[in-house]
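Take a look at the structure set out below.
By written order: A, B and C. Residues from 1 in each chain.
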Amino acid sequence: MKKILLATSILAATTGFAAAEVAVSGNGRMGVVYDGNDVQFSARARVQFDLSAESDSGLSFGASFRADNAAGAAGNTNMGAGTIWVSGAFGKLAMGDVVSAGEAALGDLSGVGYTGLGDYSDIPYINGDDGNDFDGTGALYSYSAGAIGFHVGLTDGSDDNPATVDADASYSIGVAYDTDAYSVALAYLSGTPGNDTAEEIILGGSGSFGAAKVKAYYADFSNMAIEKSFGLSVDYGMDATTLTAFARRDDFGAAGDMDTFGLGVAYDLGGGAKVKAGVVDSDYNADTVADLGITMSF
Amino acid sequence: MKKILLATSILAATTGFAAAEVAVSGNGRMGVVYDGNDVQFSARARVQFDLSAESDSGLSFGASFRADNAAGAAGNTNMGAGTIWVSGAFGKLAMGDVVSAGEAALGDLSGVGYTGLGDYSDIPYINGDDGNDFDGTGALYSYSAGAIGFHVGLTDGSDDNPATVDADASYSIGVAYDTDAYSVALAYLSGTPGNDTAEEIILGGSGSFGAAKVKAYYADFSNMAIEKSFGLSVDYGMDATTLTAFARRDDFGAAGDMDTFGLGVAYDLGGGAKVKAGVVDSDYNADTVADLGITMSF
Amino acid sequence: MKKILLATSILAATTGFAAAEVAVSGNGRMGVVYDGNDVQFSARARVQFDLSAESDSGLSFGASFRADNAAGAAGNTNMGAGTIWVSGAFGKLAMGDVVSAGEAALGDLSGVGYTGLGDYSDIPYINGDDGNDFDGTGALYSYSAGAIGFHVGLTDGSDDNPATVDADASYSIGVAYDTDAYSVALAYLSGTPGNDTAEEIILGGSGSFGAAKVKAYYADFSNMAIEKSFGLSVDYGMDATTLTAFARRDDFGAAGDMDTFGLGVAYDLGGGAKVKAGVVDSDYNADTVADLGITMSF
């Protein structure tokens, strides 16, 4: 027998009920990817759990993780996937596989293609970045006051051995100023997995110019092979169609530059479905890659 | 705190709501299996996610996978479990761990026992068969016109290395003719994992004769150890009780035949529960095996 | 799009519906743990599925498992996580990762801290204990008559090789007498993984004395390194605050005793959230450990 979950707004209207909830949503994508040599099918589907509730005194709390990451979220020591949080007048404190304060303040450039084509539009943050460099359970504290958002990220050190004292933990501080027309963000990150002396300073912002939205960043690194990174993305919307372009350069000093360019188009079919196509030319890839497919959200 | 999901029909009647949904269902089984030497407990429980929605223009799309397969369904390159699909006037296109066009057209024989007892009632298809021989993300296109159903299956080749061109991909074509009283199906399959030259032609059908439903198939293989396979199953229903028998022969030419016989009974308790017992004697097993248990659907 | 599930009682009141259901609930925790040398973040989040339905004749049946254990619950032979059950006038029969009859009759002492700090308040049962010593799919039969509860546990032997006859299976028998004011329980357990000759006799009980609830046990072991184990926990409730203390001694005869002491406090925030702190001093740990955090249920 099949069961169906209703959209929150419908249920609230139907029942007037608001309390502890387990929200279940999903997404997927299917299509073809040209990997530089031939064409491959590429598809996936995911379910997401969002738990939330409120204490008697009005403290909000919750957790979010994907079904395919359930084991990582349930880990007894390190929460290696998903996040859990409490939120109130003091701000919001999240633990788990949180992003850095830099990513919380600035986010990423706009990507292209239905698969992301390698996600080179992700801005490089030296810690807390998408769990790729998981470094012990992290914590992220965020506080907003008007247009200002303030973020502090911290890991507990890379060592969970209870018999020793941890080496230095990585941390990050970020601040963002957001208005309807534009936003700017500045962040400092210290420490990357395996290198406690690594540092990053990053400045970025976005602005809307008519139908175009532009986002850009400039990052300076210390004590790392990479010395500088900067990039820009433009989204241009025309009714249901959005054109996206991005460019990024990673400067490795004497070792040279690594450049990436991406171009994409998305057409919104409504109901959660979009047709997307993209092409990416990157010095990180041997060949230019491209894809065409449909993305879905449920 | 416990939450409950309602059956789709109840919710639709209550709210008149129809939109993007994440349907959650489940199934399980428990009982005892005689493995030829002694008796073992055998039990399992599963949850299934069925995502579906509709675009503004009426294109249906969705995805289905089990909670225990969530990681396989979420894979970034190969979707090794579950399927994702779009459906419209053009037919239905599914990707992921899809069955072959042969299985889509003909299905399997009726199985016996609460566990399936080795699932020898599964008709052998040389590609796309239940993910046992996963060969890169597959695609299955199906189109129905009246009583005729047409299916085409394709994998993208066994090689996801972007630095090389894939070897030949496996594919399958199937056609079925279905009426209330009987159905016939014919399919051709080319390629099996590790052997691009393998071929299979399979003809099958089913028919209802009073309380009995009979299903049979005949398959001819080329460039494989197995040369022929044929089999038959009969389901005989009496009120809540269904008797099932099947027989199958796999002909390996000079290497001889492998025969399997199965006999089972199912009693429907209502509410999603059935008591089932079965016995299977197969040349693939050293001993005759049997089981007795209860199956559940939620 | 987000979906929300309603609490059972709300939906029943809204729709008058009662049938097959897939209930989804969740829990989580976040905070800091002092491991004896330094402080670590520790967080996790979990989703639980509870499937249930009823046959036409009134037989109840269902299954329970966590999303992070979905693969273990779906195993084709051994159900290594979660349980599946049928229940009626005859009692309740569960299969899977069931507890022993001893744990079903007596349970565990009260734990301390938001993480449990090693869970030394768990009473030692030599089989069926929390899946740590999984020994083939287990079964647990329970029957209640008034204040008396009767339990029998059984595994099918540690060997699932169909070509051999299993060695002796482990089993357990337990009986409990429960009133509002106090309860007593007695159990016998035979066999532990890797040691069929191991035996345990355990006697325990609990009682309420005003705001205090006391629980104690005494266990005697045969053919094992551990010879005796006994312990006691006290919960003292004052409005939203509960103080908990436990002490436990494991007697290894000539090899000496291993003692554990724990002290904790919990403050109920309402809505499913509790703030908890605890400290544990155990001979099993090199250092005294402590934690402070929040637990959540959804």
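Here is the rule we use: a contact is a pair of C-beta atoms (placed from the backbone, for glycine too) under 8 Å apart; a residue touches a chain by one contact, two chains touch by 3 or more.
These figures come from a predicted structure and were not determined experimentally.
Asker: Same residues or different residues where subunit A meets subunit B? The copies count as same if more than half of the interface numbers are shared.
Answerer: Different, since under half the interface numbering is common to both chains.
Asker: Quick check: superposing subunit B onto subunit C on C-alpha atoms, how many degrees is the rotation, to the nearest 5?
Answerer: 120
Asker: What whole-Å value do you get for the distance between subunit A and subunit B if each is reduced to the mean of its CA atoms?
Answerer: From the centre of subunit A to the centre of subunit B is 38 Å.
Asker: At least two partner chains per residue is the criterion; list those residues in subunit A.
Answerer: 1, 3, 5-7, 14, 19-22, 24-25, 67, 70, 272, 297-298
Asker: Give every residue of subunit C touching subunit A within the complex, in rising order.
Answerer: The contact residues of subunit C facing subunit A are 1-7, 10-11, 14, 19-22, 24-26, 28-30, 35-47, 66-68, 70, 115, 269-273, 286-287, 289, 294, 296-298.
Asker: For subunit C, which residues count as touching subunit B in their complex?
Answerer: 1, 3, 5-8, 11-12, 14-15, 17, 19-25, 49-57, 59, 61-65, 67, 70-71, 73-79, 82-86, 95-96, 136-139, 155-157, 160, 162-166, 272, 297-298
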